[in-house]
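After this come two complexes, each holding subunit A, first together with subunit B and then together with subunit C.
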Partner chain A sequence: MSITDVKPTRSELIATRKRIKLSISGHKLLKMKRDGLIIEFFDILPKVKDMRSQLVELYTAADKRLAVAMVADGKSALKSAANCRQTPPQVELSENNIMGVVVPKIKVSTIQKSVEERGYGLIGTSVRIDESVHAFEKLAEKVLEAAELETTMKKLLDEIESTKRRVNALEFKVIPNLEEIAAYITLRLEELERENVFRLKRIKG
Partner chain B sequence: MEIGVIGREMFTTGFRLVGVHKWFSVNDEVDSEKAVKTALEDKNIGVLVIHDTEWQELEEKTQTKLSNSVSPTVIAIGSSVDNTLRERIRTAVGVDLWK
Partner chain C sequence: MSNYAYAATRVRARRSRLLGSESYAQLLNMEFSEIARYIQDLEYRREIDKYGATLRGADLLEAALLDNRSTEIGEVIGFCTGDLRMGVAAYAERYNVRAIKVLLRGIFDEVNSEELLKQVSPMSDNQLDLYTQIAASENIEGAVEQLEGTKYYELLQEALENRKSDSLQPLEDALDKAYYQDLVSSLPSSGAADRIYRGFVQIQIDVANLKTVMRLRHRGLGGHGELLISGGNIDETLLTATTNVSDIVPILEGTAYQEVLQPIFENFEDNGLNKAIQALENHVSITSRRYSYLYPLSILPILDYLLRKEKEVRNLRTIVRGKDLKLSNERIKEIMVV
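After this line comes the complex of A and B, so read on.
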């Protein structure tokens, strides 16, 4: 609302003052929320960075092992080993709430299995395939941990940004604007009162 | 729920060795966007793993949608730094903390 649209009445002044009070308390709450989110973010950032570097190492190692197995045993041997895996790894996905931000929570059943539990014959596969399976099992476990952390961080960052915008809008636009309106109404009311007093004096005189 | 994998044949084969049944290969006929669309239609996928090369090929709109998705939770692997994430940190906090 701009200053020109305002009617300088006492009720409007009361309503504006109420809005100022509400905006100030909202601003305070949002500032607290932003600070809380930033604390959460700083808590999670080193974990994500560490997880990312571990993930790169594991992926490079797994990729190398797979390439070796592919060259030595052939694509068909790898595919037949892959087709023998009957039970897929199960994940339990639930939601967690951090200050109004919905983040994922992933619960994983054990992915790493012993050679006997993998479902393919011991004679039919080579050590290279076993090693690449093991490397990818380790990678998959880490990937799931990283997925939870990274998505949490991304969602926190989004919320920090939008909260920051709201805080700034209240601090630099909404509250000063409302205060300006309240000051204008007060001034106009005082002026009206002075005019009234002057008019009365003239009538009496 | 299960794990879904999107990437080139080599990448998906690796995860298939772990037992992942929901894999979507990207090749000359199927592009990344199409693979992602097919994967998202499967409601039984809880976590979607995508290779970084395919992630980079996605449109910005799809990337944003996937980044903010909780079900399925999406993760791109294959590179040390996710530049979009780095940029997001810089915008939100004001400093590049990924150094």
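After this line comes the complex of A and C, so read on.
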């Protein structure tokens, strides 16, 4: 609302002062939320960093095992073993609330299987294929754990960003604007008061 | 009437065309494209031309190598006669069993029949017809029906009825066990060469049992005696009673396997399982070669040739894939069967 649109009345002044009070308390709360989110973010950051390095490590190991299996048994044997998969990995999704930010919670099940649950025969298949499958099962499990942490971090970052924008808008735009309006109304009301006093004095005189 | 002399002469001629160990060392120092050209100049040109229109790179070479191996085995069976032919065919049945398993897996995963047929290499036209019929099946039950009239039909029906989930494991294990049992039951009972052949089959069974047990124990699984094949030198009940990998060592005492596996078992943590399996495969290869020289007019030189051919195909594939995946020469050498 610009100053020119404001009606310089006492009720408007009261309403503006109420809005200023509300904005200040909102600003304070949002600042607290932003700080809280930043603390949460820095709490999760090392976990994400650690998770990423674990992922790189597991991926490198799984890739090596896959290469060895492919070199020793051939791509056709690997492709054929992959056809034995019975059930896709099952995940359970739920939600967690961090200071109003809804983040996913992923519960992983049935990814790592024992050799007898993989669907292929145990007499005729190669142990290298087994090891490759095992390494990728471990990697898939970690990927899902990482997905939870990465999404949480991304959502926290988005929320910190938007909270920061709101705090700045209140601090540098809304509150100064309202204070300017309040000052203008006060000035206009004082002006009117002075005009009234002057008019009364002239009538008396 | 078996034609041992004729068959042995023909495989000797074919054996002379196989790559020697020094050729692998040369191949390891070549670039991928150079290796491809080298393989093309060997016995594999026809198969490379056959797949050249549909496949590229390492996939093309792998398909050509496997196809050539199947053709070669089919030809060897073709020029053997009598008991010798039956013996060689019984041994080569492993490739048929492997192909049936590949087909069953493909049907299970709803791979289309055209794609599926590309994954198998039949050794004869009869096998091609059978594989085509199996690949056209809509489900596992239908695929098993297509095997009616073969020795695998009843055992697969039984495995289908007894399986507790839709896993293919019982079917695959039943096929593998049947292969080894057939090999044992087709053994001749007299003559020095036959005794050696029996020993050769027993080594195959022992190695298969050891691989299964080591694999299960390494993953913390005990028991599973039903997966072990009878007829070998190592008592299956003793193997079944083991609970971890280290329990296997005392069972091997006094056998040739002790010498092969003992040094690996002493430091098992460091990629031990792979090393142990590699060592067992090398043991089979070395033993078969020794046997073939002992009895040149028996089934052994022919089986030795088949093993050497298998080894050549495997080693070439290892080099091709290893180079394609940028593995170091040392790593490729470790995976190769010497």
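Here is the rule we go by: the second predicted complex is superposed on the first by the 204 of 205 C-alpha atoms of A that agree within 3 Å, B and C clash if a C-alpha of one lies under 4 Å from a C-alpha of the other, contacts with A are read in each partner's own complex, and residues count from 1 in each chain.
Keep this in mind: a contact is a pair of C-beta atoms (placed from the backbone, for glycine too) under 8 Å apart; a residue touches a chain by one contact, two chains touch by 3 or more.
Keep in mind the model is a prediction, meaning the values are calculated, not measured.
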item	value
Room on subunit A for both subunit B and subunit C (clash or fit)	fit
Touching partner for A:79 - first (subunit B), second (subunit C), both, neither	both
Partner chain in contact with A:143 - subunit B first, subunit C second, else both or neither	first
First, second, both or neither for A:68, with subunit B first and subunit C second	second
Which of subunit B and subunit C A:101 touches, first, second, both or neither	neither
Which of subunit B and subunit C A:51 touches, first, second, both or neither	neither
Partner chain(s) touched by A:181 [first = subunit B, second = subunit C, both, neither]	neither
Residues of subunit A touched, compared between subunit B and subunit C (which is higher)	B
First (subunit B), second (subunit C), both or neither touched by A:167	neither
Which of subunit B and subunit C A:128 touches, first, second, both or neither	second
Which of subunit B and subunit C A:30 touches, first, second, both or neither	neither
Nearest-approach distance, in Å, of subunit C Cα atoms to those of subunit B in the combined model	9
Shared contact residues on subunit A - subunit B and subunit C	67, 70, 75, 79, 81-83, 85-86
Interfacial residue positions of subunit A with respect to subunit C in the complex	67-68, 70-72, 74-76, 79-86, 114-128, 130-131
Complex contacts: residues of subunit B adjacent to subunit A	1-3, 10, 13-22, 46-47, 49, 67-75, 77-82, 85, 88-89, 91-93, 97-98
Interface residues, subunit C side, partner subunit A - complex	58-59, 62-63, 66, 97-98, 101-102, 105-106, 108-109, 111, 119, 165-169, 171-173, 175-177, 208, 211-212, 214-216, 218-219, 221, 224, 227, 229, 273-274, 277, 317-318, 321-322, 325, 327, 331-332, 335
Contact footprint of subunit B on subunit A as seen in their complex	38, 41, 45, 49, 52-53, 55-56, 59, 62-63, 66-67, 70, 75, 78-79, 81-83, 85-93, 95, 102-104, 106, 111, 129, 132-133, 136-137, 139-140, 143-144, 146-148, 150-151, 153-155, 157-158, 160-161, 164
